[in-house]
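As structure tokens, here come the structures.
Next come two complexes built around chain A: one with chain B, the other with chain C.
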Partner chain A sequence: MEVTSYKTDMEFFVDMQRCIGCKACEMACAECETNGHESMIHVNYVERAVTIQTTVQVCMHCDDPVCAKVCPADAISKDDFGVVHTANTARCIGCSNCVMACPFGVPIKEEKYDMMMKCNMCYDRTSAGKKPMCATVCPSQALFYGTREEISRMRPNSTPVNTFIFGQQEVTTKVNIMMPKGSTHLKIH
Partner chain B sequence: MAKLPVSPEKLITRFGPHLNFAPQEGYPGRDEPDATVKTHCCFCGMQCGIQLLVKNNRVVGFEPWMEFPFNQGRLCPKGVQRYLQDNHPDRLLHPIERVEGEGFKPVSWDHALDRTTSEIKRIQEAYGKNAFAILSGVSLTNEKSYLMGKFARVAVKTANLDYNGRLCMVSAGAGNKKAFGMDRSSNNYADLEHAEVIIVTGANVSETFPTLTHWIWRARDNGAKLIVIDPRVIPLARTADLHLPVKPGTDSALYGAMLKYLADHDMLDHDFINNHTTGFEDTLAAVQDYTLEWAETVTGIDKEKIRQAAELWGRAKTSFLLHARGIEHHSKGVENVLGCINLVLATGRIGRPYCGYGTITGQGNGQGGREHGHKCDQLPGNRDISNPEHRKYIAEVWGIPEPELPQKGLTAWELIEAIHRGEVKGLLSICFNPLISLPNNNYVREALEKLEFYVCIDFFLSETARHADLVLAGSLHEEEDGTVTTAEGRVVRIRKAVSPPGNARTDTSIILELAARLGEADKFSYENSEAIFNELRIASKGGTADYYGITYKKVEDNMGVFWPCPSEDHPGTPRLWEDKKFATPDGKAHFNPVKFREPSEVTDSEYPIVLTTGRVVSQYLSGTQTRRIGKLVGLMPEPLLEIHPELAQRYNIRQRETVRVSTRRGTGDFAANIVETIRKDTVFIPYHWPGRKSANQLTIGTLDPVSKIPEFKVCACRLEPLGVFTQPGETNAFDSI
Partner chain C sequence: MYFSLNKKAAFIAIVVTLFCVIVSFYGSRKLQNFDPALIAYLFGTLFAVFGVIYRYCVWLQRPPTRMYFRRTWQLIFTGRFFVHAYTLLIDSIKNLLFQHFIYPRGKKRWLAHFMLATGCLAAFAITIPLTLGWINFTLDPATALDPGAIKLYNANFFGFKVMSFELGSVLAFLIFHALTWCSWLVIAGAVIFLVRRLTNAGLIASQTFEGDLLPLILLIFIAVTGLGLNFSYAFMKGIAYDFMSVTHAISVILFLVWIPFGKFFHIIQRPAQIGAHIYKQEGKKKGMAVCPHTGKEFTTQLHVDDLKIVTKQLGFDFTLEDGTSHLDYSPEGKRSLLAKAHLKARQEGGTFFG
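And then the complex of A and B:
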């Protein structure tokens, strides 16, 4: 695998408005044998009793990943491209610190493997110049992988945002979410 | 003798449905496949491009096909999981024969084919040619669809051939023929991209055609207004500019009122109407009383919303109207379709860039399969079996005297009725699972039990195939070369990725061998699928669905060719009607007057609730394939009864409580899903499941008088909570009765 094929101008964009809840992303993610056929992306109803709205949560690949910071075993690392990798199988001790620390609720402890697993942005694909599988198959393109120029040309009514404010804390991420035009950040109270 | 040989439980234990999951480490060889085969998904009418990974004659995975222009790698969950129908433990690997009290035993192909032909002959000698019927399906390729039509007429010599397209898009086909003289979506979906207004009516796009969503969202990125007409807030409707929650069975009233509004406010294209259409005055006269107030009373939609929809549609410069089974599965399905077409013609927005109209065909080859003659009234090229000129041409192509070509036969539902009456005694079916997909399926089961001989070609033992005397182990989509025609009218190449496993055979070779044993070998001799297609090209030449100029090479070189394509140097026709010359005898588009009629069964004190049915994203049609794929079943293990909280409260129904739903035809038990995303007077059940969980125990077999489509989408029911609560998937949804 040629690491040099990673396209640094390509970014990941998530637009919840477009999500139709079909779970093609989950199915496609779970095709990866390195995940043991478990999906690392999660689609959920917000509140099915009142709306058909779904949310889709993929690892946001934080610039300063708290999951890695709290890991007592140094099992989580961020590479030069900004990809935060899933737990190193030899190191992970299954303590769940990362599960509790992640502000986006991404890492999941897979009990049957006694270790944490999460999205590594399809490193086998992205490092070979391909798109991640979820963003490739997503039929509504709620998950889009491409350049910033492409998304601003294609979706003039929305703006990518990658700054999230949780109380006093600001988190910036490699993955963007699409918000109404002109938005600069998402504040979570 | 088509009763079950043993209990359904025993048949399920042996033949499934069992759930197939990929091994945790993936199938061996996926990283180093022998071949990466560019083909298409076997499911819906979008026919998304996909690459299948093949190792040692097994499909071991998939890879997105980024270059195919419609979907550019995008897939739905069914597409992602489609490859798991291969390597499936339920796969039929040899012909099997019914043994009373034991089940099915493997038999030799010689025995199976001999018995089939001798039974066909016995039944036809005893009761007449038409006492042996054939039911086909449009998940078959164009080649196989064509072959089934020819096989029925030339080898079996029966008039009684029909297909599951009868449950699919026949209302749209009939409406389009009346209005345009041709049955095809007028535009390719790229025309959605810059449409100012899009109406989606009776089409759960995001669940049944998920990859089409992208094109609608692209239009919205460009500023399009989206109007969704549906009794439920379907995923596409959640963010729509307007959602019109129409009461099931009242669609034509809505379209009529919108047409009147357009006329009253002079939002008409008079030049187009005057120069290129007929029938406008009569059509307008038919709706002169259809005020917004009246429409609100009938449809249950706020009149202000109807006005806004008419305003948006009326003032747009470009537009696209899409519909599907939601308006077509009605005893007035054709009228609903014509009501939509009237709105398109009144504004003259057709035959121009970003001005489109079309039905969204549901089945994999719903478009091509409905053009080439395995329909009771049709010959290849969408020719008419009762037209003397058409008969003469096809008889010549087939090398038979014209009088020997059977006349029009019975439609699918009428065939079931004819079996009940004892007029049809024998049946061959392929690609059709009527015990799930026809309405009032207890009546269908009784019909199957009356047959003297039933032979089924299938790759899995479907619920219907369980009733067969013989099951001939046929082939999957990826086991034969061929073509299909997508919902856009684009002819694409299906490539053989693997050979049928074990002793299973290709559907084509089974049909050719049966034809030979019926004494017609000389007319059923083809070197390969391309040879069948080349005969189809000639048979379609000069018909409205003209494929003559389409070759395998041309399809491969261009990643699809849109028909009509009358000559080899013709580029194909992605957008119809650009010259404003319509395919009707007078060359004009035809308005058709539509007066509103009630559905065939309306609610009353005994059955006070409206029942409508539909589909879910994880299942395809009768589920023969998708109910065998583990993760798809996991997404929705059983059909849920969607019910509004106010209605649930009236009956004291609680979340996930089992509710007995009864109609005049049957009773089924379903777990309640209490949601605000449905009308308060309507409940919804998806139909993909058999036995106790089959929505089609409840639906009504009333037919549209023109298209003969059954009224799946509306009937009257009553509800009874049973006080029982189950976990998802806890009850066995798969049992047959």
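And then the complex of A and C:
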């Protein structure tokens, strides 16, 4: 972690309306070395009874990560690049506080390991200047990892947004969601 | 660098350290049984006691830790004490002594951790009471004076005899070399972990030298210099014993001083896992929370309610306009709500893609 080739001009852009539910990202995520070959990305139906729409969710890497704050064991840390890392295996006590407090529903409690695991933006790859596995295989580009210039060229009618409103709480993140042009935030409630 | 002294934690740590000094003073029969050769280790141990208690108290003051700590003891002492005591005992044997939770993560990993942990904990159990003068060994006076008798050695705890064994017996060999066995366990476990950390791509990307590699190197160094002491007097007629004893003492004291600050603190934190198990077990009996989106149970209602309190204490407020909370939703529900909000925004924008 000390010496890296992390590219600070590269960002993650998510557009869940583009998700076709192919789960290629799930397969690719399981290739990530830092996950110990467990898939950490979420692909699920939004409301299966009325629509076949699926949604995809990676860790949003919050600027002020609730998961890290509610962790009673200080097992989750955020590095200088803003990447919120998965639980420190030595410290995590498997309480699931992070799983239930994350406003995006990202961390996973692996019951068999009695430990939380989550997406850490393929740190083995991004720290070497490469793209996260999921973004390299997404066929519909619901997941895109690149520069702001690239995304603005590709999506001229969209704006990356990284501010989310959950009732009284505003959450800002490192990962962006592609919204209609001119949007400043996404209000969930 | 920002530093602030946590007065409450410092007070408790000082009291516990002083208590330890008093117990050692009287436990060693007013220093009569205290081994002066261990004086440097004594100060290292007392510093470690102070540091560990200080950090533990600071740690317990964090809102989520405080909540779990309080709830665990509340749940244990509000009825069904013996049921919880039994859970506590079984869970401690399973997860603290045998570290069963590591087994599904990898058999080799479990074996390495088991050897490392057993070696370290056994060494703690032997050296700390020795250093503090709680345990000492004496030659049995009756057999010592009789030239024809088999010499007996007494092991004393707080000056009281607890067992005797014959000098030169198998038991004596095992007892006198107890730290040697610990050293081999530590070396075997630490080497497996070191190889793993040097070859696993995921670990290479996320580990730090001081946080992950140095603790293993230090443990190996302690174990090797400790074995060197034994090797020196058993096979080298005492040659290099002074060098070995000094390097061993330095490495052990570094280890003791580092316990409160670095990776070794997880040894102190680990019992909290049992608290989390009891919390979950008792929470289930009180009732499960049902996600308003998925309609499925996802965690205990106690957990959701406590998280609402803890997040507010930490400066987050997920309260919604209708008085409910975003935390009432399951992880899957939260992801779906985000997707629905995104869809709505796209619909209002006039196009699904842009």
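Before moving on, here are some points about what is shown:
The definition used in the following text is that the second predicted complex is superposed on the first by the 182 of 189 C-alpha atoms of A that agree within 3 Å, B and C clash if a C-alpha of one lies under 4 Å from a C-alpha of the other, contacts with A are read in each partner's own complex, and residues count from 1 in each chain.
Operating definition for what follows: a contact is a pair of C-beta atoms (placed from the backbone, for glycine too) under 8 Å apart; a residue touches a chain by one contact, two chains touch by 3 or more.
Because the structure is a prediction, the values reported are computed rather than measured.
Superposition note: with chain A as the common reference, chain B and chain C can be accommodated side by side. Superposing both complexes on chain A places the Cα centres of chain B and chain C at an angle of 120° as seen from the Cα centre of chain A, in steps of 10.
Once chain A of one complex is fitted onto chain A of the other, the partner contacts of A:31 are limited to chain B, with no touch recorded for chain C.
Applying the stated contact rule after C-alpha superposition, one finds that A:113 touches chain C and leaves chain B untouched.
In the superposition on chain A, contact of A:21 is made with chain B only, not with chain C.
In the superposed model, A:90 lies in contact with chain C only, and not with chain B.
In the superposed pair of complexes, A:99 makes contact with chain C only, with no contact to chain B.
When the shared chain is aligned, chain C comes close enough to touch A:123, but chain B does not. Applying the stated contact rule after C-alpha superposition, one finds that A:163 touches neither chain B nor chain C.
When the two complexes are overlaid, the chain among chain B and chain C that reaches more residues of chain A is C.
Contacts of A:77 after superposition on the shared chain: neither chain B nor chain C is touched. For the pair chain B and chain C, the least inter-chain C-alpha distance in the overlaid model is 6 Å. Chain A uses residues 17-18, 33, 36, 53, 155-157 to touch chain B in one structure and chain C in the other. Those residues of chain A lying in contact with chain C across their complex are 1-2, 15-18, 32-36, 42, 44-47, 53, 55, 57, 66, 69-74, 85, 89-91, 93-97, 99-107, 112-115, 120, 123-124, 127-128, 155-158, 164, 166-169, 177-181, 183, 186-189.
The part of chain B that touches chain A in the complex is made up of residues 21-26, 30, 61-62, 64, 66, 71, 73-77, 79-81, 206-207, 210-211, 213-214, 217-218, 221, 223, 233-239, 617-618, 631, 635, 645, 655, 673-677.
Within the complex formed with chain A, the chain C residues making contact are 59, 62, 64-65, 67-68, 95, 101, 104-105, 200-202, 204-209, 263, 266, 269-270, 272-273, 275-276, 279-280, 298-299, 303-304, 307, 310-311, 314, 316-321, 325-327, 329-343, 345-346, 348-354. By the touch rule above, chain A contacts chain B in their complex via residues 17-18, 20-24, 26-28, 30-31, 33, 36-37, 48-54, 131, 133, 136-141, 154-157.
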